[in-house]
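Two complexes are shown next, each including subunit A; its partner changes from subunit B in the first to subunit C in the second.
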Partner chain A sequence: MRALPILRRFGTLIGFALIVAFLWWRLPDTFMTARNWLNITQQLSMLTVVAAGMTVVMVMNDFDLSVGSMASLAGIVAAMLFSLGYPIWAAVGVALLAGLAGGLFNGVLVGVIGILPFVATLATMTMFSGAAFIVSGGKTISGRVIPEAFGNFARQGLEIGPVTVPNLSMVAVAVVALVWVLLEQTTFGRRLYAIGGNLEAAHLSGVPVRRFKLIAFSLTGLSAALAGLLYASRVASANPTQGSGLMLNAIAAVFLGMTMSEEGEPRVLATVLGVLILGVLDNGLTQMNVDSYVRQILVGSIILVAVSVSALSRSRRS
Partner chain B sequence: MLKRILRTSAVVAVAATAGLTASAALAAKVAVITPYLAQPGTQFYVEAFQGVAAEKGWDVNVIDTQGDVAAVISRIEDMVTQNVDAIVINVDPAQVEAGLQVAADAGIPVFGMDAGANPLLVTNVTSNGYQMAAETSSYVADRIEGKGNVVMFIFDAFPPVQVRGVIARAVFGNYPDITILDQVTPDVSDGGIADSRAKMEAILAANPEPGSIAAVWAAWDQPALGALQAIEDAGRSDEGIVITGIDANPQARDEIAKGGNFEASVAQDFHGIGAATAEAVARVLGGDTIKQRVTYVPTKLITVANATE
Partner chain C sequence: MAVPLLELENVSKSYAGTPALRQVNLSIGAGEVHALMGENGAGKSTLIKILAGVVAPDSATIRVDGKAVQIEDAASAHRLGLRFIHQELNVVPALSVAENIVMAQGYPRRGGILVDWQTLNRIAKEALERLGVSHIDPRTRMARLSTGDRMLVKISAALLSSDGAPARLYVMDEPTAALTREETGKLFAVLNQIRASGSSVLYVSHRIDEVMTMCDRATVLRDGQSVDSGLLSQITHDDLVALMTGRTVSEAYPPRLAEPSGKIAYDGHGLTVRRGEIVGLAGLSGSGQTELLRTIFGSPARAWRTGAAYVPKERRGEGLALGRPIFENITLPHLGTLSLGGAMLMPRRERLFAADRGEDVRLRAASVKQSARQLSGGNQQKVVFAKALSGDPSLLLLDEPTRGVDVGAKFDIYSIIREMTTKGMAVILASSDLPELIGLCDRIAVMRSGRVDTIVDARLTEDALLNLCYGRGPNAEAA
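Here is the complex of A and B:
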């Protein structure tokens, strides 16, 4: 391998290693500890779940802007059902179904009616957000109506020897594993990549594109709802806007991940690395007392550098 | 030669880093974490907090999570990892209890800056809602000389506003000649002014005789502004109806400064809250224990005399 292809494929990975090394150097006592890394995985669990779901639609060259609103809506739906006295399993189940239904709706708009995903999911983003406001009456639902066990889920974990692996982290790992199996190990996944590679060719070769889009968007909606529930559990409350920050970060994570694959297509494990880059920077730079706004500029710059390196080395090759 | 320069600069760099680390270790490290830094009130708290912190020589890290409450928990965890000396939050503590518990387990004191009371906070520094309502309701009672009909605008669904209504009812109830004509809970989905105005228009129509309404007491400024618009539009601003609000927002201050029916409101002392929070942190860092779960900072009655200050 020559230097350029190595840089293209592993530039982002090398960048991540450099970031970790830098933070380890600046924070020798606190960064590279099991405790801090478990914290990071817990802090990133919601974003990981949304980004893994986002990867599924981005494999088909589509994307979903409504995931943040769906996350908020799912949290609100569950909290409202709690306040009406429904048990946790029922409230969580209905919230997940809402995610599935919302995703299916996106799928119908994009796959059946044929609206551009940007337009369709921009519209449903506002719709889901409005629905969250209507269901909640614009208020934050918190306090006694949220069952203690629901809030405790995010605070507890599995004790393995001296460390406690947070429940949230385990859920995120499980979701990533499921998406990995689906995308990398099944015919369904290979066909999704085929659609992403060449929609017409996939269609002509008999891939049921419409049905695939319905399923893919439904899964993205479901994962967004799950992330919203994790968020609600972590803050033991639900607010009609609380998931809104997840969408852009999830897309950013998938793009960061795409810089690492051979053909520039999204791979879920690469997405996880993208999520880790964003989260490790947040965690490390906070610990280094770097201003929150400077941190944002840095994160944006790193995305640009990663994508530029990837784009430049690819154009150089061709 | 080059090697020597490199070696010297490396030594200098290491020494400088060591020096920085040493000086940082001496200063108390305090983190202020909020999702609401963009809001004016929060900025006042934080500025005042930093002012006191600068005098004390603390190393303050202000972290804005831009509306993301779960990120407040994450940043509390990071600050616990950094083993800071104290953490200050400006967010509903019930929503970040997961983080507060982590700090409590690590023995790091957490303070609320107008956050809400919580057993996991050393103390929450805020304004006293009972006191604010006492200021304006006694102002009303004094101005109407203890007699007449009063319209109240309340909002019992929101605890910080509910306490204001409790006090006003008690004060008015203490005057045998004051009658509470109506207690209105306006629809606040559009901000509260428009619906309060509509409700006040109906009350004015039902009580057409001049003098039949002596005062409007509102638990916050928006209904007071709505009532003022209704009274002015009905051509009844010369009847001497006294209006009071609470919060002293800029629009309310403008109206009070005009010297019309809207006569008084109460301002929270945002700077005072920030400074008092810093003083509470200083006490705990100095080894004191704070018994009060809530620390109240005095508020200020705003009338035509000081509305433009």
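Here is the complex of A and C:
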């Protein structure tokens, strides 16, 4: 019984260490190399950005299903503006604004009108996805219309000694740092956690709950749009479904992270560990040539095990 | 003397070190309607849960017909003939009266598959008639019944559920809480029938008048200990009140330290409160006390800034984020002044501040980093108080501030309120606990149907205040 709380707090971390150890053992030459890890961080940068943004709304016990569609839409918006001859800064700016506006719309639906986040963001997920198809005409936008500099951003990085840290990874780290400061070091973050802890008590304590929901959802939308742009840069193209895998993985990463905190609240650094678990597993299993469907089953099982251990020890305690 | 139907001896139960029941005794004869009385938090519900097999006592001797028995779970309580009619009626509103009555038994079947509606309705009709109830059609949807009629249906269902073990004792928890006078009359007729049939009733109530009318004897719980009243026909109303409160009202409250000053701190909605004054809000439940406090408080963000503070009624639902640390709960309304430029947190300063404020309210916690969930009810309420008092408010609004709080913490809270008034704070205190209002307030505003009806000096008797709550003159005979 004494081992249980330790298992609950650190079980996910221990699990991550075991996964790394296993992959290191099975892939002695390729897995534990700086190159591979930089590669992993680059692969994970989009998911990291979305998951960090998702953490912000999940702190309030809400969540956002529309992030994947928003990522696709933002990529499409930027690519369309490129094809119309707008400069990079303008296209990127408008795409980010679209994310902010879409997130604000979610915030209005959830915070002002009072629709359950599941229902509200399920609806906007469909809407954003439809908008992406309409704007792009259903086609992938690629080739010469995408400015070279935009595509190059993802391919380049900062050279530190013998290694090159990819730009995408640095953007992801910067976003995580910003979200960490916001959630852990500011009164804004504290009040968000208060809303998540007890919405009515937060309201009666003077927290402007409605305004906070608007801001939080806007930030989540913004981060989704940023992730969409990173994705578009990485593949130097945009198509209306390319962000669709991000949403479920982002929620899964936050849930994995939540298993590591005392009261089961989301923490952005824990979310990053959740992202790493998903990403490292994917990277290693791919290298081991494990069938992608088997990979899906494995990833799903790991999420279930982590959350079950957490839920069981919690119910034991009360 | 005949062997009692049910005897409880030396029942003790503690929750996390806080005793809820201390060597409680209870004895009920056959054919007796026995009252179980006591103030909120006196241990009534714990005792009932032990009888129902829901809560295991730390120690207890239980005898039925003089034979020692164990009540391990709900099934063994049922086998012993104990039937429970709970305060919140567990009915299925979408189903018919008859279905609600036979639900526990299972529906009668035709050919093992189809429901035999005819038999089902007949069983239900007979069950109702056994109570002398003929005005309820078993085919009516439960949702269309009044609360009183639902109560009657529940009782007949309890009467019917005698598979294997006949019903011996009905435990009714505040059965008249939601009943009209007429419905109460019907219920009393049913109680008389049960008594005549030789079964017994444990009647849980804090309505003294009802108990004096209907019950044969009473057991009074006070701070977890029991007192047997003896035959109610041989004692007076006042004797019973004295048994329940056990002390003269003034002892339980810290002395008044200062007189209110002349300056007016709040004026509006028919209320004037001076600095240093405690004004009570009395009234029957649902007369608008909570709503008035919320109206006075107004928009929370502005209220905190302008020096008002509010302790809401539902500690867990409205007062605290249980999963958050104590200090975060205390500082939440005051983050603006406890942070750098209102934006960046200063957790160390917050923790020191919260620890100080916790000390002010005699908070007992290992650390302010603990989550509020880990505290007892009384200490949780002290956290709510620390949060309210942290901004040195000029107006403190309290809604049932001692509900579900143990006696020791109660006295602490009373002392805190008193201390704050010496610093010039004005207090508006809504409470359903009449002795609390009388013991603590300078004046009491009696509310009826959503507004302040009369304001009286708090030096009056409980009966007089109760009469005012019912809209009668203070000296009217209790009905």
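The criterion applied here is as follows: the second predicted complex is superposed on the first by the 316 of 318 C-alpha atoms of A that agree within 3 Å, B and C clash if a C-alpha of one lies under 4 Å from a C-alpha of the other, contacts with A are read in each partner's own complex, and residues count from 1 in each chain.
Keep this in mind: a residue touches a chain if its C-beta (ideal position, glycine included) is under 8 Å from a C-beta of that chain, and two chains touch if they have at least 3 such contacts.
Keep in mind it's a predicted model, so treat the numbers as computed, not measured.
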(request) Could you look at A:185 and tell me whether it touches subunit B, subunit C, both or neither (first, second, both, neither)? (result) second
(message) In the superposed model, which partner reaches more residues of subunit A, subunit B or subunit C?
(response) B
(request) Applying the touch criterion given at the start, work out whether A:231 contacts subunit B, subunit C, both or neither, answering first, second, both or neither. (result) first
(message) For A:202 in the superposed arrangement: first (subunit B), second (subunit C), both or neither?
(response) second
(request) Would you tell me which residues of subunit A are touching subunit B in their complex? (result) 27, 30, 33, 35-36, 39, 42-43, 46, 137-138, 140, 142-143, 151, 154-155, 231, 234-237, 239, 241-242, 244-245, 282-283, 286-287, 289, 291-293
(request) Spell out the part of subunit C that touches subunit A in their complex, as residue ranges. (result) 300-301, 303-305, 310, 312, 317-324, 328-329, 332-333, 335-336, 339, 342-345, 371, 373, 387
(request) Quick one: which bits of subunit B touch subunit A in the complex? Just the residue numbers, please. (result) 59, 61-71, 73-75, 77-79, 81-83, 92, 94-98, 101, 189
(message) Show me the residue ranges of subunit A that touch subunit C in the complex, using the header's touch definition.
(response) 184-191, 193-194, 196-198, 200-208, 262-265
